[in-house]
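Please go over the structures that come below.
What follows is subunit A paired twice: with subunit B in the first complex and subunit C in the second.
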Partner chain A sequence: MKTITNNSRSSRQLAILHLFEFDMYNFDGTFKETLRFTDHDIFVDYNFNDYTPLAISFDRLVEDFTMSVDSINITIDNVNGALSSEALASEWRNNRASITRVSYTPAAETIDSETYDYGYGDNLAGTTYPELDLDAISNKDVWTLFGGVIDTFGASESALNATITTEFNNWSRPFPTRTYNQNEFTTIVDAMTDIIYWGRQE
Partner chain B sequence: MNNCFTTAYTYLNLHYALPQSWKGWTVKDMETFVKDEKKFLGRKDHIGFFRSFCSKVKEAKKDDIVLTRTSVGVAINRFTYWVYNEDLERVEHKMLDNNCLIMRINNG
Partner chain C sequence: MNNLTTTLLNKHYHIDIEEWGKQGNSVPFDSGIEQRVVTSSIPSIELTISYNGLNFSDYEIMRTAYENNNSNTFIVDLNDSKIDLRPDLMTENASVWAFKDFQFKINAKDVLYSGKITLVTSVFFNFTEYQSLFNQFSSYIRSATTDLSFINVLSNAQPHAAEFKYSNNAIFSNIGQSVRHARNKGGLKRAWTLNWLLTESNFLQLITFYRKNSGIMGEFGMPEFGISTGYYLPYADNDYIVDQDDYVFRVLSDTLSNARFAQDSFQYQKRVDGLYQCRAEILEVKL
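Entry: the complex of A and B
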């Protein structure tokens, strides 16, 4: 569970958005680009990168301590021709994907001489279209919600679907399912650095 | 008084050398243009104007011109473009679709 710091919690108004990144490769294996999307309703500028607003959603994330591979489904609705072309002309599978959650306190905003404590957050500085400049907001928390690789991918006329899996699925050898007794290791560091081979100490 | 054409033209004119006149119309006629917008768009003059110094492209990139039957916008990236919404009196972004004609300024 992520504890939201006082960066954004000190103020009562809290806004949350998500940033999605997908590394795209050509079919010959060469890197093509990183696609950046957000589920916010306007563009988001963060770390000098533009995140394009899309109707993108993902399953509820569950965190636990089971030795299983976690995965979630992502759906991008209302895709257009450009996105479909990109989807079909690039390799999605087995490439890096991440979901970043941002909670922030919207800055005050004056609209028609009326000042609101918490504004919409868009600005036109540097751009003509509305864009949220996250870099300029100091009251925010940013953390990676999910990082992994794209496992499966599918496209229909109106939506793209992908399953993102944690990188544990890249492990080639079977993961031991046994639990370990604390007495097997003298210290926690030993436990962390010990080599596990087929479920027993080598 | 703005509309989608004047907003897009004003923005592009800051960054590129756009023609100041076309078929007897000059930039000084902006107000007239806004007033006669439906006639202008109905005759597809907006397409003819941009076609006079742009080339049609299949994939959009930043600052390409995005034309529909009833609007003039500017591409943000190859997925989206912005256009001035006269009803809301503000710029909004939209997804590019099959109804969009994408033009790129020659040598732009």
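Entry: the complex of A and C
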């Protein structure tokens, strides 16, 4: 539900950031961890979770009333190589991915006895490292921009690209696009009726 | 994380600064009210620090600082001048930068180095929470040689000016105007541009050497230029480089770099006074 309340809408200055969550599973199907990123320039703390700042961009979202499958491409900074090594060590595909949009009014801030109406930085005094504490900001709206599963991903030296699809995808197609080895199924009927999740079977 | 505050600011004479505040855009409503939408919240700054009158050992300090930190972030603390507000917003550990550009030049007029380096802010802060997430490092391995073929030509065809920069194939990502990550790819190379004004006989030696070694056809030993301590050549008493006797010296104490001509073509001018004027780009190559 995208309801922008007067919390932030009535203010003339609105800051927007996005929170990204990707569930990662081990290849044996057990849950491994949830990766949390943000496109903000410092760490963001929300609901007691830390979101790591990374250069992330995603396609423009298009909505309509047809029941077509919506998918968007996400590009995540992979310059440090950490993500591609993570991607190779665990399973991304067909696991939960979400994009959350947060709009908020930056709090006033005083630096060197000068007051900035809308905080010049977003550092929290007293913390050991720069982090935006969203929980402490009352003038904010948080809504899920996109929820779905990761369908495919690919990594290059500078970026990791993923296609995430809405869960509508599962209505018409119970598994993500992939090429199956026929040896996995003894009969065609097995292959048609079995619901395959990447790297694990449920 | 290295602290280059003293190294980079010790002998500078000027700083050009560009600061970006919060970045974003504004959305006009039907009522005419504009709502400002901001994204980044940490100020971004680009500093161009200028230097003049450096001797070779001063330049060598700058060169070493660049080579050792070409693909990583480092601290330069400008806290006293309040140019960089990040120390006030956070702590002094937030004064983190990365190299964007490095260029120096030496000419026969004073045989001293002038140049500039450009730094951009980084959001890869010097906090354990950040540093424990990602590794970063820089490397530079000098490609040394003992080949004297080019030196023998330069002893007659002496350049009157030399420019220095680097070819860096590290990759960087950014958030807003600030550097986020850098990955060292081990390909840092020195690059030179030499400028000559030569008599015909000396020029013919140079063009012959180029014909033999142009492009990818040859590699040779490339010297650095400048004055070693206690060794100084007075500049000839004229305002412009018109005399083929004005030249910069090779630094004898520095080892040669293995290099080749960067261009497949060589441009030169023949002047009415019979002198030849030309320049060439030379790039270090790994052995």
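Following the convention adopted for this analysis, the second predicted complex is superposed on the first by the 160 of 202 C-alpha atoms of A that agree within 3 Å, B and C clash if a C-alpha of one lies under 4 Å from a C-alpha of the other, contacts with A are read in each partner's own complex, and residues count from 1 in each chain.
Here is the rule we go by: contacts are C-beta pairs under 8 Å (C-beta built on N, C-alpha and C of every residue); 3 or more make two chains touch, one makes a residue touch a chain.
These figures come from a predicted structure and were not determined experimentally.
K.L.:
Putting subunit B and subunit C onto subunit A via the overlay, clash or fit?
P.N.:
Because the two structures are overlaid on the shared chain, the partners are seen to clash.
K.L.:
Going by the touch definition up top, name the partner, subunit B or subunit C, that contacts more of subunit A.
P.N.:
So, of the two partners, C touches more residues of subunit A.
K.L.:
Pick one for A:A107: touches subunit B only (first), subunit C only (second), both, or neither.
P.N.:
After superposition on chain A, A:A107 lies in contact with neither partner.
K.L.:
On the A-aligned overlay, A:V142 touches which partner chain: subunit B = first, subunit C = second, or both, or neither?
P.N.:
neither
K.L.:
For A:T52, using the defined touch cut-off, is the partner it touches subunit B, subunit C, both, or neither? Pick first, second, both or neither.
P.N.:
A:T52 contacts both subunit B and subunit C.
K.L.:
Determine, under the contact definition given at the top, whether A:D39 touches first (subunit B), second (subunit C), both, or neither.
P.N.:
A:D39 sits against subunit C, while subunit B stays out of touch.
K.L.:
Touching A:L14, do we find subunit B (first), subunit C (second), both, or neither?
P.N.:
The answer is second: A:L14 touches subunit C but not subunit B.
K.L.:
Taking the superposition as given, does A:S158 touch the first partner, subunit B, the second, subunit C, both, or neither?
P.N.:
second
K.L.:
Give one of first, second, both or neither to describe whether A:L83 is in contact with subunit B, with subunit C, with both, or with none.
P.N.:
first
K.L.:
Look at A:L132 in the shared chain and tell me whether it touches subunit B only, subunit C only, both, or neither; answer first, second, both or neither.
P.N.:
Only subunit C is touched by A:L132; subunit B is not.
K.L.:
Which of these subunit C stretches, 61-69, 133-141, 169-177 or 205-213, gets into subunit B when the structures are overlaid?
P.N.:
133-141
K.L.:
In the superposed view, which residues of subunit A touch subunit B and also subunit C?
P.N.:
Comparing the two interfaces on subunit A, one with subunit B and one with subunit C, the shared residues are 42-43, 52-54, 80-82, 128-130.
K.L.:
Quick check: in the complex, which residue numbers of subunit B touch subunit A?
P.N.:
7, 11, 59-60, 74, 76-80, 82, 90-93, 95-98
K.L.:
In the complex, go through subunit A and note every residue touching subunit C.
P.N.:
For this pair, the touching residues of subunit A are 9, 11-17, 39-43, 52-55, 77, 79-82, 106, 111-112, 118-123, 128-130, 132, 157-158.
K.L.:
If we count contacts the way the header does, which residues on subunit C are in touch with subunit A in the complex?
P.N.:
Listed in rising order, the residues of subunit C that touch subunit A are 21-22, 24, 33-43, 82, 85-86, 88-90, 94, 123, 125, 127-130, 133-136, 171-176, 178, 180-183.
K.L.:
Show which residues of subunit A lie in contact with subunit B when the two form their complex.
P.N.:
So the residues of subunit A touching subunit B come out as 42-43, 50, 52-54, 78, 80-83, 85-86, 124, 128-130.
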